[in-house]
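What follows is subunit A paired twice: with subunit B in the first complex and subunit C in the second.
Take a look at the complex of A and B:
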C-alpha cells in the first residue's frame, strides 16, 4: 500500500493506493489518525484502493470516530467499487459520508 | 501451491499451503483470484470468495494461532458442478464453533466484521476439528449462479 497526503482549501486529503489488508492496515490506520490529529477536515480518497478487508475497514471506522469526537469533518471520496462493496456488506455505506469526487467533497459542508 | 486443471474425471482443484503470516495473504489472494477466474467464475463471485478466504485466514492467524507463526494454513478449493467447496485447515489448538459467530452491526466500532463478511458472501460455513487429529478445519461452500 502507498499513500500521499495533500492539503487543499484547508482540508487534509489522504490518498491511499493499492491493497489495504492485515499487513498494511496498521500503516493506513496511523496515517489517518495522524491526519485527524492535525485538526482539519479529512477527506480519504479511495479511488486507487483495489482491495480492502475488515482490518482496513476497522482503520476507517477508528479514524472516523476519532474525528467525530474531535468535531472534525471526515468523509470518503471516489470510493473504488471493490471497497464500496465491502462497506455495503458492513452497512457502513450508510454511516460514512461518501462523495463521488474530490470537487464535490471540497465544496461540501461537513 | 498446486493447480490441477479440469479433465473428464477430476474437478478443478487448488491447493495452497502457506505460513500463517500477514505478508502471505497478498499472494494467497492472487492464487485464489487466478484459480477462480480459470474456473469461469464472474468477477463479483471471485471478489466475494477472495474476501471470505482472506477474512478466514486472518481469523486463523489472530484467533486460532493467536498471532503470526510459521505454522501452516492449508487452503483447498474444489469446483464440484455448480459449487465451490473451500477448506482452510490449521494446526492450532481447537477453537470451537462459537468462533464464527458474527457481531451486531448496529454497534459501530472498529473490528469484528470478518465473520459477518464470511457469512454474508458464502452459502454454508462450518468449523470443526481437523480430520488429521490436530488443529481445525473451516469448510465453506459457495453456490455459483
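Take a look at the complex of A and C:
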C-alpha cells in the first residue's frame, strides 16, 4: 500500500493506494489517526484502493470516531464498488459520509 | 475473432483423491474443481465421505494418494508450518461451533487475529464487533458461549471463520440441528458473505433444502465417490439411480409428519 497526503482548500486529503489488508492496515490506521491529530477536515480518497479488508475498514471506523469526538469533518471519497460492498455488508454505508468524487467532497459542508 | 465466455479459475482442485481408514476405502478417486466466487455444496448421506473430504480439504487429514490444490498450492506437500501460515487464507465454520467455553464470544472470534496478526488491540476489537454485526449478533461479544442458542453459536462460529476475510470458507453442516427459520437465515448469511466479500465457499451438508437454496453447483457424494457435479437443476434432473435414490430418501426424511411433530412438541 502507498499513500499521499495533500492539503487542498483547507482540507487534509489522505490518498490511499493499492491493497489495504492485514499487513498494510496498521500503516493506513496510523496515517489516518495522524491526520485526525492535525485538526483539519479529512477526506480519505479511496479511488486507487484496489482491495480493503475488514482490518482496513476497522481503521476507517476508528479514525472516523476519533474525528467525530474532536468535531473534525471526516468523509470517504471515490469508494470503489468492492469496498462499498464490504461497507454495505456491515451497514457502514449508512454511517460514513461518502462522496462520489473529490470535487463534490471539497465543496461539501462536513 | 470469437470470444469464448470464460469461467472463473478454479481455486480448489481435488484430483484422484483416495483415502483409506485401515483397509476400508473412504474416498474413492475423488476429483472436483471449485471456481473462484462459487458456492459448492458437497452433499451426501451419512457415511458418504463428505465430512472426510472436508477434513482433507482443510488439511486436517492427508489422503493415501491423489492431490488437493488450494489457490494453486498443493497442500499435501506443505510442511505443518507452511500449512499453518496458509490457514490465514482459510475460514472454517465447524458443525458444533467449536467455541472455547471458557472464553467470551468476542475472545473466541478474536483468536485467529491474535494467532496470525500483530494488529492493534483497538483494530481487533472493532473487527470483532463488525463481524458480529454482519452475523446479527451485535452486542454479544461479552457473552459466554453457554449463554447462546444453537443458532447463535453457529453465527458466532461464522463470525470467527470470516474474521480474517478468508479467500476460502468451509462450512460443515451449517444447518444441522436447527429449525427451518434459523437454518434459512444461515443460508442467507452464506449468500451475503459470498456476494459482499467474493469468497469461495464450500458447504458440506445433508440438508437438501439448504443445498438447493445456496448452491451454485452441487457435488453428490455416495460411498466415497463423486456421483455427479452440476447445478441444482442438473442434479435434480440426473437419471443416475443412486442420485435419485439419495434425493428421494432425503425428501422423505424432510417431509414433516404434523401429528408426530405436535406430539414431539407437546410431549404427549
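A few points about this structure:
One rule holds in what follows: the second predicted complex is superposed on the first by the 110 of 110 C-alpha atoms of A that agree within 3 Å, B and C clash if a C-alpha of one lies under 4 Å from a C-alpha of the other, contacts with A are read in each partner's own complex, and residues count from 1 in each chain.
Everything that follows uses one rule, which is that a contact is a pair of C-beta atoms (placed from the backbone, for glycine too) under 8 Å apart; a residue touches a chain by one contact, two chains touch by 3 or more.
What you see is a predicted model, and the numbers here were worked out from it, not measured in a lab.
When the two complexes are overlaid on subunit A, subunit B and subunit C occupy overlapping space and clash.
Of the two partner chains, both subunit B and subunit C are touched by A:62.
Contact with both subunit B and subunit C is seen for A:82 once the two complexes are overlaid on the shared chain. Using the contact criterion defined above for the overlaid structures, shared-chain residue A:95 touches subunit B, although it does not reach subunit C. Of the two partner chains placed around the shared chain by superposition, subunit B and subunit C are both touched by A:53. Residue contacts after overlaying the shared chain place A:19 against subunit B, while subunit C stays out of touching range. The superposed model shows subunit C running into subunit B at a single listed stretch; among 42-50, 96-104, 240-248 or 258-266 it is 96-104.
Contacts of subunit A with subunit B, set against its contacts with subunit C after fitting on chain A, overlap at residues 21-22, 53-55, 57-59, 61-62, 82, 85-86, 89-91.
For subunit A in complex with subunit C, the residues that touch the partner chain are 21-22, 25-26, 29, 53-55, 57-59, 61-62, 82, 85-86, 88-91. Across the interface of their complex, subunit A is touched by residues 22-23, 25-26, 29, 44, 47, 50-51, 54-55, 58, 61, 105, 108-114, 116-117, 120-121 of subunit B.
Per the touch definition, subunit A reaches subunit B in the complex via residues 19, 21-23, 51, 53-55, 57-59, 61-62, 65, 82, 85-86, 89-92, 95. On the side of subunit C, the complex with subunit A involves touching residues 88, 116-120, 122-124, 126-127, 130-131, 133-134, 163-165, 192-193, 195-198.
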